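Two complexes follow with chain A in common, the first pairing it with chain B and the second with chain C.
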Partner chain A sequence: MYDTGKILAGLVAFIVVATFPLWFTNLFGSPSARPVLELPKGEKKCVEDTEYMRHWHMNMLDQWRNEVVREGKRMYVSSDGRKFEMSLNKNCLKCHESRAKFCDRCHNYMAVDPYCWDCHVTPTGE
Partner chain B sequence: MKFIGSLVAVLLLVLLAYLGVGVAGLRELFGVVLPYVSVVVLLLGIVWRVLCWAKSPVPFKIPTTCGQEKSLPWIKQNKLDNPSNGLQVVGRMILEILFFRSLFRNTRMDFRGGEEKVVYGPSKWLWIGAIAFHYSFLVVFFRHLRFFSEPVPWLVKLTQDVDGFFQLGVPAFYITTFVFIGAVGYLLLRRLFIPQLRYISLVNDYFPLLLLLGIGTTGFFLRHLFKTDVVAIKELALGLVSFGPKAPVEASWLFYCHLFLVCVLFMYLPFSKIMHLAGVFLSPSRNMPNNNRAVRHVNPWNYPVKVHTYEEYEDEFREKMYAAGLPVEKTPEQAAAEKSAGDNGDDASSGTDNKE
Partner chain C sequence: MDESRRNFLKITGTGVFGALWGIPVLRAVGKAFESSPKALKAKRWAMALDMKRLGRDDVRAAAAKACNSAHNIPDLGIAEEEVKWIWTEEYEAAFPTQVDKFTPEQMRKQPVLVLCNHCDRPPCVRVCPTKATFKREEDGIVMMDMHRCIGCRYCMAACPYGSRSFNWRDPKPFVRQGIRTDYPTRTKGVVEKCTLCAERLARGENPACVDAANKVGGAGTIVFGDIADPNSEISRVLRSRQTVRRKPSLGTSPQVYYLL
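So, the complex of A and B:
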């Protein structure tokens, strides 16, 4: 009454499921590195530091949205004193011209799908 | 004391991650070596424990039964609480594993209507806490696959969307993050504030709960308060699964702390009570059908016992017994007659052999 067959089958099933990350990407995808982003040609610096933008751009946009829509303020002064219009299309996407080659590359890699584009239309119509 | 000890242990682990990465910069150790070691320990540990269990004999058929056993055709059997075949056992196990049925049946004794009256009533709090904890853990764990797979499977994306259904904040707050932290917190407070439970709680109860709470809070911080470069973390994760990892400098020490606590959990798991994740499948009181009367359960400990039956005894001493006037099954004459008949005929003696 040791049920060896059943237990071994269970263990094999467990190992197959538990090692899913090990075989899935290697067999059905590619373990690609950080996506290559198309950076703006003429510009050197984003609204804030690159590191800050990487971590906090979504919160920045969220804050901008609230300030524009609820308080009617449209100007943002960055930490180094430059002035920006708080706008998705008239700001971010003016420098980062192609959403597909910038925002989306990162978002697809990280499997995030911002719902902003349900309403906001990108200038290039992508 | 046991609680304080466990708390100190978890805080020391956090400190260790801080010193290791934040101060000494040992990223390769915390980001590459420990994750590999911990996954190997986890998988081999679980397999080893299960094989040990598989080797232990089950001497008796010991299903716990909580309903009417299969009986006469006009008596209704309770098929799930008293299964009599494999299929019903599978049904019972599914309810046990997916819905924690035996926890659901928990009752509690209380004094009500004056001190004298003892009342038994259902008590579902533990069940609710356990269900909330286990399922939110599963969903959080599953959502983490977005770091470990490329392309990310659609089911993971769907889970993220459903989990972030309220679209509160950016990045969206996931329901399960809160359920997870809340449920672990409840399971911990329960042990701390109910005196009887505190009395029976050990370090091996507090430590895993605190470890999970540490993992949950560091995870929450990483997503919402002290952010880190998640793209770099995905690079690390994909590097780990394709065996070419590089521990990123972009990731904060808090991330390494989250990862370190997870590694500790993985290495601790096979040797702790969390092994119930495999044990629940192997518990004989749940996974055996109650068919004692229909199918003989052979105890694996049984070895061939040397017996000396009464017949053999009488054969040996018949003459003497008969001479002493003791009662015998067969007189010497009968025995002799049978013997010669047996020698002549074929199976004439078989009838007497079985007599006990």
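So, the complex of A and C:
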């Protein structure tokens, strides 16, 4: 074999460059700051458990809009029996007063951009 | 033997794991949805419009204004891009089949208040590819689900009454009465129309145009109610007075009646 050394060096160099994002962030990067959410004052519990809301609120809102517009039902009975109007502005944003300091902070961090606000204009104008 | 036990364990294992994943989904499905006890209900909503009283400009204007402000309707100031849920047509445009060469000019030009007819056989519903527009079987309202509208405009071609409007641009800057946040606006690229104020019925109120017209024009200017109930006011009015409907020969069976 000729040039074994050169080929090996080339391969090593290639791997180092190609995996740059992996080792660089692990060795030198710091984890991006988790967003600080402004939670409602004076309220203790969300519509459902916090854990559940964190994971499933998008599915919940999707189901809500179908119930409201397609089934004509506007009242949600939560698993612990409390009643809520199924609405973005008249429910979620009543407790979570500032969309920018709650929904948006998490969404920006997670890089999701719901288009709902194009129509459902936020009461605080955010 | 050994081989099949191995397979059995594999399949059961996957099944149990899969079921565990499903638990949160099942929890979401288990919840209850209700309508408000105050909600107005009917088997078949319909409207009867008193043509004579609605000939008055102030009565029609009040009805349209109430609707426009209830639903964040923009005023674009461009005729071809107009968004309209309830508006005024001349008699000869609203009732082309009622006009002939002897119809006097003054009658042809008489203003008529028009809106979505909430047809019994709505052609818009038949052509909608996403079921964004659909007929509510429980009360006959021809609804519009903005979340599903893809803006194809088949429904606009199908509707013989011009009751549907397309948003050619973002309507928000043109909501001149100020945007209210208890009802959503719309975006560029969706079709909209009168929903018979489904959101007001759900909280126990009449449609906005009905209350406004009756306030300015006197009780009975617009009669709104359940025509499936023979004792309702609207059923009695329709039995006792002569009525016309728009383009009845098309077979759409409009549920907005005009009292002569």
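As a convention for this text, the second predicted complex is superposed on the first by the 95 of 126 C-alpha atoms of A that agree within 3 Å, B and C clash if a C-alpha of one lies under 4 Å from a C-alpha of the other, contacts with A are read in each partner's own complex, and residues count from 1 in each chain.
Throughout what follows, a residue touches a chain if its C-beta (ideal position, glycine included) is under 8 Å from a C-beta of that chain, and two chains touch if they have at least 3 such contacts.
Here the structure is a predicted model, which means the values were calculated and not measured.
In the superposition on chain A, contact of A:L27 is made with neither chain B nor chain C.
By the touch criterion defined above, A:N59 reaches both chain B and chain C. In the superposition on chain A, A:N89 makes contact with chain C only, while chain B stays out of contact range.
When both complexes are overlaid on chain A, the residue A:V36 reaches neither chain B nor chain C. In the superposed pair of complexes, A:Y2 makes contact with chain B only, with no contact to chain C. Looking at the shared chain after the overlay, A:H120 reaches chain C, while chain B stays out of its contact range. Contacts of A:E67 after superposition: chain C is touched, whereas chain B is not reached. By the touch criterion defined above, A:M75 lies against chain C but remains apart from chain B after alignment on the C-alpha atoms of chain A.
Contact with neither chain B nor chain C is seen for A:V17 once the two complexes are overlaid on the shared chain. Chain A residues in contact with chain B (one complex) as well as with chain C (other complex) are 55-56, 59, 115.
Residue ranges of chain B in contact with chain A, taken from their complex: 43, 46-47, 50-51, 54-55, 57-58, 145-146, 148-153, 156-157, 160-161, 167, 169-171, 227-232, 234-235, 237-239, 241-242, 244, 250, 278, 281-282, 297-298, 300. Taken in their complex, chain A has these residues touching chain C: 52, 55-56, 59-60, 63, 65, 67, 69-79, 83, 86, 89-90, 115, 118-123.
Considering their complex, residues 24, 27-28, 30-36, 39, 134, 136, 138-139, 143, 145-147, 172, 179, 181-182, 184-187, 198, 202-203 of chain C touch chain A. For chain A in complex with chain B, the touching residues are 1-4, 7, 10-11, 14-15, 18-22, 24-26, 28-35, 51, 54-56, 58-59, 61-62, 106, 109-113, 115.
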